[in-house]
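These are the structures in question, set out in turn.
Both complexes shown next keep chain A, but they swap its partner, so chain B is in the first and chain C is in the second.
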Partner chain A sequence: MAEIVFGSNTMQLLIALILVSTFMILGSTRLYSCVRAFGIQSFLLACVAGVVAYSTGKDEIYIIAILTLLFKSIVIPYFLLYLIREIKVKREIDLYVKISPSLIIGGVLVVISYYLIRSINVISELSSFALSASMSLVSIGLFIMISRKKAIMQMLGILIMENGLFLGAISLTNGMPLLVELGIFFDVLIAVLIMGILIFRINKTFESVDTSMLKNLIG
Partner chain B sequence: MIPALLSVILQIFIILALSPLLSGIIKKIKAFFQIRQGPSIFQPYYDIAKLLKKDSVISQNVSWIFHAAPIISFAAVMTAGLLIPIYITQLPLGFAGDLIAVVYLFALARFFTALASLDAGSSFGGMGGSREMFVAAMVEPALMLSIFAVALNVGSTNLSYISQTLSGMGLDALSPYQILAFVALFIIAIAETGRIPVDNPSTHLELTMIHEAMILEYSGKQLAIVELGAMVKQLLVYSLLANIFFPWGIASAESGIAALAIALVVYIIKIVIIGLTMAVVETSNAKWRLFRLPDLLSISLMFSFLALVSFIIVKGG
Partner chain C sequence: MIEYLLLTPIITGILCYFTKSRKQVETISLLGSVITLILGLSLVLDVYRNGIIVTWQNALFADAFSAYIVLIVSIISFVSSIYSIGYMGYEINHNVIDLKRLKMYYVLFHFFVFTMLLVGVTNNLGLWVAIEMTTLVSALLIIFYSNKASVEAAWKYVIISTVGITFALFGTILTYYAAVKVLGETGDALNWTSLIAVAGQFDPMLMKLAFIFILIGYGTKAGLAPMHTWLPDAYSESPTPVGALLSGTLVNCAMYGIIRFYSIATKSTGPEFTSNLLIIFGLMSLGIAVPFIILQEDYKRLLAYSSVEHMGIVALGIGFGGVYGIFGAILHMFNHSMTKSLMFFSAGNVLLKHGTKEINKVSGIVKTMPMTGAILLIGGLAITGSPPFGIFISEFTILSAGFLQGHIIASVLFLLFIIMIFAGFFYNLSKMTFGNPKPGVTPGEVSKWTLSAMMILVVFVIVLGVYIPHDFIEMINKVVKVVM
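After this line comes the complex of A and B, so read on.
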């Protein structure tokens, strides 16, 4: 079943577009456009879940798709935008690695994840695109976390990793049990909330959300 | 079935007739977004007609390159036009070259324009030429890579074969590598046609201009040829986008007159839609600093690279 769904043309298109949105996050220097690209990515992920639900006929995956649409592509981006507005952070993201090298590293990560996935022989040929895309999302999310200075971008990086895991889970299992998915959703929401509070605290203590300043001692 | 000579003449005529119109339409759409009236969509025709009536003022210091460059560039671009499917997949010069020839013909045109900009010895010209080459050095690898992604998908670098195959596949032609290559080629099209965020076509501000700085020394008939060459190149780049990625509705060599007419109308609609998209991109973006352009073009390079990689992943190579 998984082979048919993930080998289909629509699915491959959606996954390619998810990769495009990931590179949009990697390639932009503005916080707003990063958050917007994340919203688009989550929307596409919801579409993936919707297609899986449609082709497997399981009702609970529809619920998951709607939840993804609601929380990941609307609530969380709005919360992030609220955060950016509220702490009056400068709109540029500060980088440890410049845009062009980060893009190239992103491309290399995609290739590496493809080779890693290919070495697992259990996977059928057709869903390997989805799996390697999910693997690249996880590694690119990690890369965003370590190469960007702003705390908000680190939050976004972990959310991208979570999206990658979601894609991987849904492409391997064709939808996990509803209870597990709900648990993950709740976790993500709480995590976003806690990270938001943490960012507020960092901003209050250091008057900046630049994580490179966290090394300084404050007496 | 059209005889070969007629098809050459027809294609040249259609390219020359449509390219000023396309420029006019884009200007009008931009004016609409900026809540202006804007010039008539036929203004580029009037401009060129007027320039053709005027004499050229030429610097005393220029060599033959300055005189030859507009003609060589124009000829190179028109030759490329005979290698790109416009409304019919039967190419007048299809036997002589493929995609790679198109890329190099564009490069030839650009090379001579840049050379002529240096020839007059004005500082603006040199600045424009160096900027153009700076952009070109990044555009060309990305253009090559994205075109190869498409060629790999179809299995040929022959443009007429590519559009014929893809239009025969219907909606199945929309594969992930095709989408990624389209995004890459769209960014390249912005850079190739000198639009915001890469270059601003409607400015003569010395700090920002690229193309305008190169042709600053030209006037009269030569300027008309240079301007027309730029418009033709714009039309050709858009046709490349339209007929590689959305080739549906294109006529094949066996089509009758009615099918050809329909194909021509479909082609014009496709071109206008791409022009509309370009105008939207242009009005919703600011021009980027010159030294931020490598970022934009490396995004394009990365997308073409991803197109190739995902082709290998999906096809399990």
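After this line comes the complex of A and C, so read on.
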């Protein structure tokens, strides 16, 4: 089944757009636009799940698609925007790696992911396309976490990684069993909530959400 | 049975929230953990007599290995909750925390116990969900004191563990994919029981990749070097009873995840690949622990690095393989839990009395707190692997497995590292225990609650070094059969 679904042009377009939205996050210096791009990415992901659900006719995947739409593309971005407003953080993000090298590194990561996935034995050419996109998302998410100073960007990095894995799971196996998917969803939500609490605390104790301040515990 | 075991800590946690006074919350917490312990022990007995239990639409299950984890979690959480009464009581008496915070502490404590029990009894790769939940709940416990250091520790902990765990999820997805190729798309394709049966037919290339991701992912939570960087911060900044839970049980839960995947991956890739990876990570953990233990200035961090060392030893034991290696590793998990929690408890007493975590600002504990001092010395001897304590036996078993299986270089390095760690650890410990007491420290123990929790653990530490009951050996043998 997976081959037919991922062969379709719509699917390829969606996956390409997901990559574009990731680069939008990578190329932006404003927190708001990063969060918005993340919302778009999650919306596209929900579309991918929707297409898979439609072509396999499985109710379970519909549930997952709707949950993704609801939580990842609406609730979580709103929560992040709320967080940014509440802690009155400076809207610009501070970077360890500047924008243009960031974009180049992002491109290199995509190429590496593509070759890495090509080397393992996946059902077909086309689902390996989705898988390499998923791998790129994971590595770019990781890169965003280490190259941005704001705590919120690190949170966003984790969410991008999680989106990447979601894409991987749905492209390889049409998603995991429902119970596990729901569990993962629940965990992501709680994780966002708890990181939000932590960011509030960081802001309160350090009067900043710049994670470069967090370097007292060593040795 | 399993359902009741899981429900008890949740209900206890909720009840703790609705209590009105310190007395009430302490009573309910203690009662809850006693019931958890009883249910845990009876589950262990049930599995030991009747074999695998599966309930709740196949989502929950318990085999010998799960039961073993449940055993460790329920014992340590029981003694920890006894210790909490003394420790948190002392802090509330000295106005470090108020009643509201105390209630919150017990609520989170029992939720944390719930998530760890869940790790043990989840029937499938959804184990991931449970392990991620442990991270989230324990982060709130680490941030408990809300000072700069604890906020930093909690943030690092959440970020590093979540990234690690995300890798583990990728490994899980790959394993599921390998299973789906063989079994077809059923809900069962994630269950241990069905996975183990067909693991031999999985695509080896895929499983190699999956195992690397799993090892890095769960290895982060288990504190294997070089992914251990969150661990010393989290252990030293959290309240002491939580530190004991983190080091005594949480690392074991993560190790449990690795070992489960090890059994699946080994069937498909052959033992060479998985063993070598585990040996490399194990030796790395031991090696990194050496300088940090010798040069350590903070005694809680000293214990944390010792946890890195011991998880390295467990990984080595599994890596060496063979019946002896795995037997040693499984036994080591139990011994380490008991001994390390004991050490954390004594360190907690020292911290309450001296108000500092610096090794150089503490001395003469044997004179001011004779019981704590004596237990600290016993625990110190035990944790560094001297006879006649439990850890000596398990380390010796692992070492002999190493030589037996022909991993000569790894075994020699292992021996060398633990000798250096022994010297470093004892050098620091003797600075604290002997000498003249610091001025301003009033003699006397903290409370009888903390002491009684420690006495229970001392029994385990000493008895398992001299004599391992026959039933316990039988049980570990069953676990070894599950793993191999």
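Keep this in mind: the second predicted complex is superposed on the first by the 213 of 219 C-alpha atoms of A that agree within 3 Å, B and C clash if a C-alpha of one lies under 4 Å from a C-alpha of the other, contacts with A are read in each partner's own complex, and residues count from 1 in each chain.
To be clear about the criterion, a residue touches a chain if its C-beta (ideal position, glycine included) is under 8 Å from a C-beta of that chain, and two chains touch if they have at least 3 such contacts.
All values reported here derive from a predicted model rather than from experimental measurement.
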{"item": "Partner touching more residues of chain A, whether chain B or chain C", "value": "C"}
{"item": "Partner chain(s) touched by A:93 [first = chain B, second = chain C, both, neither]", "value": "neither"}
{"item": "Chain B versus chain C as contact partner of A:16, first or second or both or neither", "value": "first"}
{"item": "First, second, both or neither for A:110, with chain B first and chain C second", "value": "first"}
{"item": "First, second, both or neither for A:138, with chain B first and chain C second", "value": "second"}
{"item": "Touched partner set for A:27, first chain B, second chain C, both or neither", "value": "first"}
{"item": "Partner chain in contact with A:201 - chain B first, chain C second, else both or neither", "value": "second"}
{"item": "Partner chain in contact with A:153 - chain B first, chain C second, else both or neither", "value": "neither"}
{"item": "Common ground on chain A, meaning residues reached by chain C in one complex and by chain B in the other", "value": "none"}
{"item": "Interfacial residue positions of chain A with respect to chain C in the complex", "value": "120-121, 123, 138, 142, 145, 151, 154, 158, 161-162, 165, 168-169, 172-174, 176-180, 183-184, 186-187, 190-191, 194-195, 197-198, 201-202, 205-206, 211, 214-217, 219"}
{"item": "Chain B residues touching chain A - in the complex, by the definition given at the top", "value": "171-172, 174-177, 179-180, 183, 294-295, 298-299, 301-303, 305-306, 309-310, 312-314, 316"}
{"item": "List of chain A residues in touch with chain B within their complex", "value": "9, 12-13, 15-17, 19-20, 23, 27, 29, 99-100, 103-104, 106-107, 110-111, 114, 125, 128-129, 132"}
{"item": "List of chain C residues in touch with chain A within their complex", "value": "59, 124-126, 128-129, 132-133, 136, 139-140, 143, 146-149, 151-156, 158-159, 162-163, 166, 169-170, 173-174, 176-177, 180-181, 185, 187, 189-190, 203, 205-206, 209, 232-233, 236-237, 292, 295-298, 301"}
